[in-house]
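In the two complexes that follow, chain A is the common piece, with chain B as its partner first and chain C second.
Up next, the complex of A and B:
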């Protein structure tokens, strides 16, 4: 299946008085791994849930593979969103895999089998009875084995210990190089994952403040890591981030950081 | 590996250049694929591809369709020539500037070079 691209135009999502996503215009390159970075409560999860058609935009537009994904089963069949908390019912692990295989046209039973053993997951246990780390690993497995043309990992590795996270990164890269698809990884822990990214989007208080290639960022950061840039850009004083202002995407609302 | 602050693609390209100059990578020898780079060093494969593209542009590497990427014939000589061309401006000039700053005369530098030459001959 061809990887899905994503186009967001002036997208806003509000809950009552709270604006979680505020006028975001951005694109996610098909076939690339994009990092969505932002502090806690910066709107990452809401943005991703809206892209995955779990939510309806309040204003603006989401296009996935050129179509509005909301209530469009042809598009949503190709989008897998894995969330940190896990969206699990009282279901055995092997039944969850069977369910995923039934609804994901691109599902790979071989990869699922391989990841079960890599993550050492018990198949007969109820998903809700797994430890937090195991639930995260199960999420990673479901996301990877679905091989969806748009696969989104929303802080999925937070519950994993370090060795398990590295298994996840390695399996992700190995399978991605063989089966290229669009992958979005959100995180507020950047150092470990930044090398996986081809593109980076940074969200701050619901607004997109930066969109660039990861290597472009390293070049412009004058020998700062993406981690350093991120801290600079999102800290309250907005530090010496002014040097990057010229490279931010053409969206309104970045003036507050010069 | 590749954890400096420079763009990773540049670190990969520099590493390949060094390997070619030192003869660790021989001409017409195959280099690791972008996939191997990605999985070995846990980096995005596009990052490795960018390093390859730069080196192919410079004529250091060449691609064989379906087979992989190889060190170009003459790559080592070309890299050596490049380094020689820049030796005086990029390497020696800063040393001479520093010598003047800290009060070492060009004569003393010359004497040092003479001594080094004698040592090399004996």
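Up next, the complex of A and C:
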């Protein structure tokens, strides 16, 4: 199945007086792994929820595979958003897998079976009774085994211990190599996941302040890791020091490496 | 692995559409898993009542199952309808199903579940009739029904299936209110999400005449006209539910 691309045009999401996402214009490359980075409350989760049609934008436009995803069943069937705490009901793990298998056109039962074993998940336990780490692992399983053309992991690692996180990263990379799709990973643990990124978007206070390839970032950062660059960049937006200046043309608030 | 940043997002969206029927099947089993306990508890409790009354030397003048069947499964269905939204909307949408399709799938699951509960009610009538015969009591019904005798299976099932479906579909609207604005404001919305649509539905079931509405909460009957008219009313409830839920932001659901 063709990976989905995403195009955001002047996208804003507001909750009353709070602007969670502010005029974001960006593209997410189809068939690549994109890292969405940002501090707490920078608008990452809201942006991802809007891309996944979990909510409507207040202003601007979201296109996934060239279409507005909101209530478009052909598009939403190809989007998987796995959120931090997981979206589970008081149903057994088995039942969650049955639902995914029933409605996900690209679901892989073999991969699901494999990941159940890798993550050591109990299938007969209620999803809501799983430990936090197991819930995260179940989310990772649902996201990976869906093999959706657009798969989004929003802080999915939270609660996982280090070995489980590395199982997740390895499985993600292995399956992505065999079944290329568009993957977006939102994470605080930048050092752990930056090796996966092909593109990086950085949000700060709801604004997109950087969009570039990971390779380009590393080249311009001169041996600095993406984590170092992220820290510099987000600190810079709150003060006047730093290595960044300029702005991408036509994108207010967006900065670019020089 | 770097790729050109200038990419076209216009890729084929020709995925297989997430189906209504598979979602409905999944939702039905969720309803069934809860409903089976309801039916088991009620069945055990009811099995004990007539023999208990008989053992005490008493006599039942009218059907107690009729009293229960008019209210118990209906309100239970309403709770189940609300539960579908509260418990499963987020979960199902997170699996790529649109809100609109969730409502259609819920309606389908509700109709099947309503029929299952109606069969249960019919079996209860049969059992009660058997008890009454055994104890030489008269099996009298108080309400206006499509049926005159418990052996008229299709009529019994049709009446109660319509009734249960009405309550459960109204439950979807109630669930919307709570999902959208939370517990406090959801309660304030009940006159609009519960009272008006349910009262209208009960009145329609009893048409012609308003006796059904006036005896709301008691032995409310149904007429052939009312059951027939309730079908388009159900369609209206589904459309309203679909319209309302299609606008709702998806909340985080962890249990």
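The definition used in the following text is that the second predicted complex is superposed on the first by the 238 of 258 C-alpha atoms of A that agree within 3 Å, B and C clash if a C-alpha of one lies under 4 Å from a C-alpha of the other, contacts with A are read in each partner's own complex, and residues count from 1 in each chain.
Here is the rule we go by: contacts are C-beta pairs under 8 Å (C-beta built on N, C-alpha and C of every residue); 3 or more make two chains touch, one makes a residue touch a chain.
Treat the numbers as computed from the prediction; the structure is a model and nothing was measured.
Colleague: For A:124 in the superposed arrangement: first (chain B), second (chain C), both or neither?
Modeller: In the superposition, A:124 contacts neither chain B nor chain C.
Colleague: Considering only touches as defined above, state whether A:195 meets chain B (first), chain C (second), both or neither.
Modeller: first
Colleague: Would you sort A:65 into first (chain B), second (chain C), both or neither based on which partner it touches?
Modeller: Only chain C; A:65 stays clear of chain B.
Colleague: Of the two partners chain B and chain C, indicate the one touching more residues belonging to chain A.
Modeller: C
Colleague: Which partner does A:214 reach: the first (chain B), the second (chain C), both, or neither?
Modeller: In the superposition, A:214 touches chain B and chain C alike.
Colleague: Quick one: is A:177 in contact with chain B, with chain C, with both, or with neither? Answer first, second, both or neither.
Modeller: first
Colleague: By the touch definition at the top of the document, which applies to A:73: first (chain B), second (chain C), both, or neither?
Modeller: After superposing on A, A:73 lies in contact with chain C but is clear of chain B.
Colleague: Using the superposition on chain A described above, determine whether A:106 touches chain B (first), chain C (second), both, or neither.
Modeller: second
Colleague: Both chain B and chain C contact which residues of chain A?
Modeller: In chain A, residues 32, 198, 214-215 are touched by chain B and also by chain C.
Colleague: Give the list of chain C residues in touch with chain A in this complex.
Modeller: 1-3, 5, 7-19, 22-23, 25-26, 29-30, 87-88, 90-101, 246-247, 249-250, 252-255
Colleague: Please give the residue numbers of chain B that touch chain A in the complex, ascending.
Modeller: That would be residues 2, 5-9, 34-35, 38-39, 41-47, 50 of chain B.
Colleague: Chain C touches which residues of chain A in the complex?
Modeller: 1-7, 27-32, 49, 53-56, 63-67, 71-83, 85-91, 95-96, 98-100, 102-106, 127-128, 135, 142, 146, 148-149, 198-199, 211-216
Colleague: In the complex, go through chain A and note every residue touching chain B.
Modeller: 32-33, 166, 169-170, 173-174, 176-178, 195-198, 214-215, 218-219, 221, 223-225
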